[in-house]
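Two complexes are shown next, each including chain A; its partner changes from chain B in the first to chain C in the second.
Up next, the complex of A and B:
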């Protein structure tokens, strides 16, 4: 039978003394900082499968590069950043489930990264209910329209309304005032129809004809005779796998003499301009969120961004020239992650209890000068509408390359506020 | 113990088990279970037509979406309260299923599949075309503040879970009871041999008509519940893949079984959830699992259990 140890007064004093010594030692300091040095977990809602997979792949690469850059520079508030990626299948139902998984299963600090509008709109209610900040990189007008909630923000990419509106002055002054629009007959096309029609009319122009193409269409020849003869500018925003057919048939219809043609690069993101059938695009104009080809006046910020993500001067992967990036959009991931970093540092973010402070800190942001954190260009954030505004680019296809011909001002992209999320309670 | 008593005990026991699960599961799985119950309600609706009546519809997403839009638009545009909007969704689905039934039941077999597929595609394109109201492919959000019944917020995880369980339980008990009534027996007769059933003096057209309406209305009820419980309405839910999902769920769980739809949805949900955590090629794993199940459990999970061990399973 063993003796039970007794605690004497002397041994108690020795123990307390030893404890106090240990507590004041550098070892404990390191332990405490290791506790608070747990990674900041960012849930990345990625379109790895489904219609958005090409975008998702490049959003993933950009996100990886941005996190590496942030971690190399010391992380956020001295803590490393960890990305938790989940595929949403480009589906709004799965998107909402993924946001719940970030909040309740992975214990992420914030969610981020969504592109396709229906996934954003389908997931936003979950973000609001789970009270997890949801930073989207979608370019949809859904955030600024006031349709979502205080937990959903779009600080890293401009929205379609401002992009389309900013095109009208250049189109009217340089290409023509009589426009015919060809667009897919669903929300994306309807946004272009409504926003551009109003914008071109404000410039003294007019839309002669709206030609809506059903989304199930695979051949477009029958729509081209509807283009009025006095059309000066043809505005197109076709998307999806049929876009190559669309361009080819458009070329066959017009031959060498066509009106000026203006389109949104969304149609050809991740598509090589040297693809057979796209020769007809020579001399046509495109909106670009960020110029795919490195321009003569390339900034050091764009150079650094390309190098970090692994994109060559033609906008393709450095390891595979056929793997063309979604350059007009993917900078949004880079910039959004840097804004999350800035917001967390401004609010002294420590953990999920500080999520509201983080949102308030981002809402308080205004000017975002062009920098390594904002390589696409300068921006102004509107905290009330949770939407950022920034310069847009217009490029012309010359010798199979997109050459920048115009940069809009930020003022060209502004429109009156349609909501004020700061009046909503958390 | 009679088969009837066993059946009652099974269904009530399942509901009791779900209540316990709802109370003890962590938040994430509680939320998942709420979604699974609503989708299982959709699968129950599909099972009435496919599993019991033997009619394969490839357009059931239109009924789910009709309920969803009927309810969602009533709240979003009309400002209706939840219960009235749910009623509107159910009525919208019932009316649509009556119209579709009257036209589609003029065909049989493969033609019935194609006609339902075409109707669903027309519904989907109409939802896109009427984007001004429906939000088209982007859809719309139902305001969080309006999603409550008698002061109980449906955005609260536990309240949402019990609301989903209530919807599921009603659908489960209705179908379980229906299949014990002569009406349900005639539906099975139609599935097994329609000509013989007609020869016995039953009006098979009327039975099939009612089966489509009941099936479409339950599916629409699930769509309406999805709208109010999860706050989103969009055309994706009317797309063809959402017509294929209930077919997969029912085949996996066991066609013509009452609890098969729930098992099928839960199996598929967690298979995707876990496999996607392992690899980006998770659809390959899902595909392989489906092929294996088709090879080795042709009657589905519950169907196979019934065949091998528990013949009384309803």
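Up next, the complex of A and C:
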């Protein structure tokens, strides 16, 4: 309690002196508003083990790189950022415990970084109870659908509903209108099923068959005979440790006579496109959240991002070309951490008492132009639905590389609001 | 897909599953038959086989067959050696007490699994098959000109999958020869029939136990090396084989080799066929239901001997 007078003196300095500086020059503002040297603690809910482990590894590397970049530039409000990583085993129950640990044991300022949708859905209620801001990097539609709470936000990665909505016109116009879908049998896959089916019907197409595969499955050939003979486009999205088997068996099943194939790169995240058995993917199409291979029109932001994380122009680790990244997703960690920084600076965040101010500051965000903080592309944040919207990429496999053939607009990905979290009380 | 080609595909898929399952369950059944030890860590020896296969095969350059053959020879030895250590330092210490060995092997399960996580990591990694060609299979139907052959969409298998089936049959035959025609088999069978008498006749029962436990683990590891070019090595991959092996061993009769092979075929094929035509969940439900029925109406299993 003896520190109280000191705190109020500094608050005074901040409010009187630094306010203008903060607005005009973020760098100067940060140092002027520094309250103490104590680090800002960000709880990182990491899928180190379980079915999300490949993503967890790369989400970890991206998070480390982003924190280094933020700290090298002076930290947040003059304070260094510290990551407290906890493994959730890609398990919803464990995920909820991890969020509680962040709030109660580690005294984290915010929680961040969850990918798998079932873990997000399992953990978000804990974040609401503990009143800790929970920044997820998950792609699931559960945030924008209104199913979660005011403490859960997804400002760094777009959701499945907007992604598939932007893909459907391209698929219908270029590949075919009769689609068969193969997807993992949990919330994320169900988002694909529901929203792509609706989106392709809006384009005059139809889905002939929905094939759901349990995410822990290890053998896939038995599912493929359900693909109807008159399928024009096979739409695949798969996750888990067996994705390579999935794609290989898909190729073995079809042989030389396959329909057009459109996949979400999730089916091949962290998998080397040059793996034996994947030759059949030549000429097929993929959604990519962020192009894995450096493209001819690569921006300086993408170049800087790759250099910071340690990813080469083929999307693999610079130290091991066989260690392929989850490039289409992991930018979300980088961007989310930069948004946490921007939100904390805009709200003059000092500690857990300011968590509501932080959420309100993020809710007030709208345009996020392409920059080093947003290397994937420009984005628009919707504060009501807590969901960000951004451009999507379609790539084609050419000579064993993914080459970008189409970039959607942000407008292609928009849909009417389904909820308004700002009306919920804290 | 038409019913006929669909069924053929289901049978082929089921046969691959059944072949690998038969080898894995045989190891579990052997250990129970001879030692009366319910080895809960059996699935982890399966996983060890796959993981060690990756460690052996991946640094070997040149044709993938070289690495695969090396893995086929060495991975079961490594898994067997670890099993012998487990036998000496865990099972022997608790004097092969049935309850204590269950708890002990649960501990071993977690030690092996978490060690694999620490050393090998959480990734799923592939081992390249020694050869792998897609084989399109023809189907026939009565057309206007009589019997016609054609190649239906998707009706295919790979040369490697056929190899797995053939290799498993070969290993099963070799196992049968060892058990019924060699001195080692005789000693194992003698120990299984009556431990005390075997001891009285000068059979080194303790050493037989070590060999049997190592042999059982090596069989599981061998099955894993065969499957790892199709699936991938992953530290959690031991769970399903363990569950299915228990189902097979209970249905077939604990300790009965013939019962194990028949039950593995039954479970493996029905898993393939039911999951192709209906749903994979249903095939698991039916397998578990079958276990319940066997336990109620024929507790000794299909080929097991009634315990007095």
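Please note the rule applied: the second predicted complex is superposed on the first by the 357 of 426 C-alpha atoms of A that agree within 3 Å, B and C clash if a C-alpha of one lies under 4 Å from a C-alpha of the other, contacts with A are read in each partner's own complex, and residues count from 1 in each chain.
Definition applied: contacts are C-beta pairs under 8 Å (C-beta built on N, C-alpha and C of every residue); 3 or more make two chains touch, one makes a residue touch a chain.
For clarity, every value in this text was computed on a predicted model and none was experimentally measured.
Trainee: For A:57, is the partner it touches chain B (first), chain C (second), both, or none of the two (neither)?
Mentor: It touches chain C, and chain B stays clear.
Trainee: According to the stated criteria, A:146 is in contact with first (chain B), second (chain C), both, or neither; which is it?
Mentor: A:146 contacts neither chain B nor chain C.
Trainee: A:214 in the overlay: touching chain B, chain C, both, or neither? Say first, second, both or neither.
Mentor: A:214 contacts both chain B and chain C.
Trainee: So, does A:253 touch the first partner chain B, the second partner chain C, both, or neither?
Mentor: The answer is second: A:253 touches chain C but not chain B.
Trainee: Give one of first, second, both or neither to describe whether A:245 is in contact with chain B, with chain C, with both, or with none.
Mentor: In the superposition, A:245 contacts chain C only.
Trainee: After the superposition on A, what does A:225 contact: first (chain B), second (chain C), both or neither?
Mentor: second
Trainee: Pick one for A:128: touches chain B only (first), chain C only (second), both, or neither.
Mentor: In the superposition, A:128 touches chain B alone.
Trainee: A:48 contacts which: chain B (first), chain C (second), both, neither?
Mentor: Touch status of A:48: both partners.
Trainee: Mind sorting out which residues of chain A both chain B and chain C touch, each in its own complex?
Mentor: Residues 48-49, 214 of chain A touch both chain B and chain C.
Trainee: In their shared complex, at which residues does chain A touch chain B?
Mentor: Touch residues, chain A against chain B: 48-49, 86-87, 91-94, 96-97, 100-101, 104-105, 117-118, 121-122, 124-126, 128-129, 140, 142, 147-149, 185-188, 190, 214-216.
Trainee: Would you tell me which residues of chain A are touching chain C in their complex?
Mentor: 48-50, 53-54, 56-57, 214, 217-219, 221-222, 224-227, 229, 241-242, 244-245, 252-255, 257, 270, 275-277
Trainee: For the complex, which residues does chain C have touching chain A?
Mentor: It comes out as residues 1, 6, 9-10, 13, 17, 117, 121-124, 126, 128, 132, 134, 136, 153-154, 156, 158, 230-232, 234, 236-237, 240, 272, 275-276, 280-281.
Trainee: Per the contact definition, I'd like the list of chain B residues that touch chain A in the complex.
Mentor: 26-28, 31-32, 35, 121, 125, 128-129, 131-132, 135-142, 144, 155, 230-232, 234-237, 272-273, 276-277, 280, 282-283
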